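In the two complexes below, chain A is the common chain; its partner is chain B in one and chain C in the other.
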Partner chain A sequence: MNILEKLQTIDRRILYLLIAAVIAIPLLQRPSRHPRIVFSEVKNAYTTLSKVPKNKIVIISCVWGPGTRAENEPQTKAIIKHLLMEDTRFVMLSWDQLGSQLTYEDAVEIGKQLGKRYGKDWVHLGYNPGPMYAIIRGLGKSFTGVFKVDRFGKKLKDIPATKNVRDYRDIGAVVEITPSGTVSSWIAYFNQPYNVPLVFCPTAVMSAEAYPYLDSGQLDGMLNGVIGAAQYETLIGMENERTYAAAAAWALSCAHIFIIVLIVLGNLGYALSRRSAPQRGGGRTG
Partner chain B sequence: MISFWHWISAPRHGWQLTAFIFGALAIGCGVLALLASTTPRYRKTLVAAVTFLAGLYYAIEFLIPPSLWPLDPPRNPFSEVQPLVGTLTQIIWSFALFLGVWNLFLIHGRAVAKRSRGWYNSAAFFISFFAIMGAGLLKDYAHGPVAKVSQSVFTILFSGFLTSLDATMFSLIAFYIVSAAYRAFRVKSLEAGLMMAAAGIIMLALVPVGAEITNWLPSTGFLSALRVERMGYWLLTSPNMAAQRAIAFGIAVGGLAMGLRIWLSLERGNFFDRQL
Partner chain C sequence: MVELADWIAANAKTIALWCGALATFAIYSVLYAENKFYRLFEHIFIGLSAGFGVYVTWSQVLEPKWWQPMVHKGHWQWAFAAVLGSMFYFMYSKKHAWISRVIFGLFMGLSAGLMFRDFYEIYFPQMGASMKPIVGNGMSFWDSVNVFIFYMILLCSMTYFFFSFEHDSPIVQKSAAAGRWFLMIGFGAIFGATVMGRMTLFIGRLNFLVIDWWPSARSAWQFRTFQGIVAVIIVALVVWIINALRTRK
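== the complex of A and B ==
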């Protein structure tokens, strides 16, 4: 086997080991440096949430679970931190059984760091099985008509953060954090009819689908995967902290370069082997 | 009528909650028994009628503006009950969880009972199911040291096992993508070459290192267009957006046709033709 063939047939176990190392090293090292460039959609998301009036609440709708925790959790944490720093009250919904516990723990952790209290500054409504469209549609008409109790069974009318929330007029923005295409339900049934700002936080693979909505103004901002979360952290003054999002941004950088190098190597071997192979039909003999 | 529904859907606790659960189960079983005693043709007609009425509610509520209703102040009366409909659909959807668990019990119970190949995997399902359910219930409802131990067991099962296993399954995609990209991504035509160039630019533009690579280029003027993040942004907001709009439009038209077929019970094949 010559070098050209070897370039095209590297053992997949070696590739697996290499990609594991390439991703793990930055995550273990945890560099504090955040991305220098902040995308315009991330800046718009920050501006949108900064402008929410203090007498309104923000709804954080979390569709994610452990499968996409690596991307969606940093987004959730960055948004929670920003809202708590701004003294903007928020309500969290979870559409995933496991995600319900994870998002609650995230808010508890950041709330403790900033000295914020559950019930006064934020509320978690627990797991909701859906269907999203019916609940979202009803939410605009009556918030407490659709959500009656929090995750502990306490009536929302008795909780300081939610007791005055009637309908869409008391909702300042919605943040949808999701690994799937659920944002269209919010656009169609809530944000567009009631003109409430919407910030979208998808996994990176889903973000390409959101650009038409950003262009049409139906989305007010977007955090593009964990990179968007790292950029958002820069905006809320965490650019020198050793966070998971910053480490993941560099881990992804290394992984993307590694994949590009592998593709180039594979194609190099392919192109050279084609050139050195005998022409079909042989040479001219006449 | 509305006040009755508000009363029936209000949150309850203690003996009232128990009575409502058992009452709803008894009524549900009664309705199912009634349906089972009728002919299949009648059952299909009934399902079609309920489907049509449910769809009709949403069509009227969503499509007819409040100004067209002869009411003062102008409002759509169907919108008034929307939160209630939301609650009802939530309850109906919750049955999907029950059906899912029921289905798992049937499949894995059969496997364990028959000692079929890999039956121990099915036994593992039952052990995991009851272990996390027991720990979850005990941590919430028990008191004293039992609650403390249950909390620790629940944390180990939930954070140690469940979330880690779920994340592990998803992260396997990374290894698969690396192997697939290396083996399958060959530039055999002009189109494949263009695709590889676009993919390479997007991959670099979306990560911080992309911006670092072309950071030496000016941030304004003609040459700034060659910065990786600018090229990536242009690809996302021009060719990608046009393609996404076309796909979304096609899906919307297809979804409308499909929705109409289901609403009017015209859909055939698979589930729709099965004996009810």
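== the complex of A and C ==
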């Protein structure tokens, strides 16, 4: 068996191990360098949230749970950090039972770092089972008609951050952080009817389908997976911090280069082995 | 018993890290081969998620938003929600399945009605935004080129989906073929994004292992525990290989 044939018969488990090793190096080294190129949709997301008037709140709608934590948590943290740095109040909703606790802990962690207080600067409304369209439609008409208490059962009218929020007029923007196709509910029942800006933070799998929404102006910005989170960190002044998003961006780049090299090698081996093999009848198949 | 509870409380973070690492190894062991270790942890995860889901649904939704108002605040009308909700469960009865069909029909009608709104709020603005001017409005030369490329791809892709008549004309044939290529490029981009997404999930788990768990595992008694677990796994692996070789013979 020559080298060309061996290239095509490498055990997939060896490839898995090699990919794990390639990814582990940037994670262990923890580079501080963030992506210097920032996509226009990420810049637009940053600008949109920076322009939210201080007398309005931002709704952060989190549909994610532990399954997509690696992608959606860096986005959530970057958005929370930006809003707290800007002194923009925000309300978090969670549509996932497990994600409810994770998103709350993220906000607590960043709030402590920046010296912000729960209730004054931000509020978490806990888990909402849905139906999503009904809740979204309702909160545009009457915020306190849909949400009466926070995750601890405290009345929203007694909480400083939310006591003056009546309806869509007091909501400056919505951030949808999701691994599924839920953004259409916000577009159809909130952002289009009331003309409230919408920032979308999907997983990378969902991002390709979101570009038509960006072109049509239905979305005001987007953070594309963990790369979008790393770029957003660059914009909020974290470009020299050793964060998970930066390390993950490097690890992704290494993994992609490795996969491209493997594809090229595999195809090269296939093409050369076909050329060196004796010609048989039939020619092309499939 | 109290001492054990105190010990668990004192070492809760370490225990959580070890459980996370063990579960990660178990789930990824399927990459080597299908095995019972993987199956066990898959079932544990499903059970834990379901159990935690029930708890969260009760504590954050049903108890404060339904039970409390109904029982303690006199909003007795919430009892009807329980009646409507319980109608779903009649699907398990052959005799009374018609009751579940009433509520299912209600929700299907509601969803169908909502789809109208979804459609015009989502797609009509996109159709409007597709009608872009090629020149004017302060557009530069490259803006016009960009819009021209957009129109070319849009028209070619739409031509590919004209199934109402034969593609006899060479212009239609060529543009439909080009449309197929553009679609393939689009699907390639989606697939690339999918690979990126899946890889990120793996990076997340690996990050947990190398940044959170491993430094913890290296310290004092934890490292000895780790050595013990590795030794047990190695012994189990050797036994499994010997057994597999015997079976093959």
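The rule is simple: the second predicted complex is superposed on the first by the 280 of 286 C-alpha atoms of A that agree within 3 Å, B and C clash if a C-alpha of one lies under 4 Å from a C-alpha of the other, contacts with A are read in each partner's own complex, and residues count from 1 in each chain.
In this section, a contact is a pair of C-beta atoms (placed from the backbone, for glycine too) under 8 Å apart; a residue touches a chain by one contact, two chains touch by 3 or more.
From a predicted model like this one, the values you see are computed outputs, not experimental measurements.
A.B. asks: Overlaying the two complexes on chain A, which is it for chain B and chain C: clash or fit?
C.D. replies: clash
A.B. asks: Answer with first, second, both or neither: which of chain B and chain C does A:56 touch in the superposed model?
C.D. replies: It touches nothing on chain B or chain C.
A.B. asks: Between chain B (first) and chain C (second), which does A:128 come into contact with in this model arrangement: first, second, both, or neither?
C.D. replies: both
A.B. asks: Once the shared chain is lined up, is A:212 touching chain B (first), chain C (second), both, or neither of them?
C.D. replies: In the superposition, A:212 touches chain B and chain C alike.
A.B. asks: Going by the contact rule set out at the top, does A:27 touch chain B (first), chain C (second), both, or neither?
C.D. replies: A:27 sits against chain C, while chain B stays out of touch.
A.B. asks: Looking at A:37 after the superposition, I want to know if it touches chain B, chain C, both of them or none. Which is it: first, second, both, neither?
C.D. replies: A:37 contacts chain B only, not chain C.
A.B. asks: Between chain B (first) and chain C (second), which does A:192 come into contact with in this model arrangement: first, second, both, or neither?
C.D. replies: In the superposition, A:192 touches chain C alone.
A.B. asks: Now for A:10: first (chain B), second (chain C), both, or neither, which partner does it touch?
C.D. replies: The first partner, chain B, only.
A.B. asks: Of the two partner chains, chain B (first) and chain C (second), which one does A:259 touch, if any: first, second, both, or neither?
C.D. replies: Once the two structures are laid over each other on A, A:259 reaches both partners.
A.B. asks: Looking at chain B, which part out of 19-27, 109-117, 181-189 or 217-225 clashes with chain C after superposition?
C.D. replies: The segment of chain B occupying space taken by chain C is 19-27.
A.B. asks: Using the superposition on chain A as set up above, list the residues of chain A that contact both chain B and chain C.
C.D. replies: The overlap between the chain B and chain C interfaces on chain A comprises residues 16, 19-20, 23, 67-70, 98, 101, 128-129, 148-149, 153, 204, 208-209, 212, 215, 224-225, 227, 252, 255-256, 259.
A.B. asks: Quick check on the complex: what are the chain C residues that touch chain A?
C.D. replies: Those in contact with chain A are residues 31-32, 49, 52-53, 56-57, 60-61, 64-65, 114, 117-118, 121-122, 125-126, 128-130, 186, 189-190, 193-207, 210-211.
A.B. asks: Which residues of chain B touch chain A once you look at their complex with the stated criterion?
C.D. replies: Those in contact with chain A are residues 10-11, 13, 61-62, 79-80, 82-87, 89-90, 93-94, 96-97, 158, 162-164, 166-167, 169-171, 174-175, 177-179, 181-183, 185-187, 196, 200, 203-204, 206-212, 215, 229, 233, 236-237, 240-241, 244-245, 248.
A.B. asks: Note which residues of chain A are touching chain B in the complex, please.
C.D. replies: 10, 12, 15-16, 19-20, 23, 35-37, 39, 65-70, 98, 101-102, 128-131, 134-135, 137-142, 145-146, 148-149, 153, 155, 204, 208-209, 211-212, 215, 224-225, 227, 230, 249-250, 252-260, 262-263, 265-267, 270-271
A.B. asks: What residues of chain A sit close enough to touch chain C in their complex?
C.D. replies: Answer in residue numbers: 13, 16, 19-20, 23-24, 27-28, 30, 67-71, 97-98, 100-101, 126-129, 133, 148-149, 151, 153, 184, 187-189, 192-193, 203-205, 207-209, 212-213, 215-218, 224-227, 244, 247-248, 251-252, 255-256, 259.
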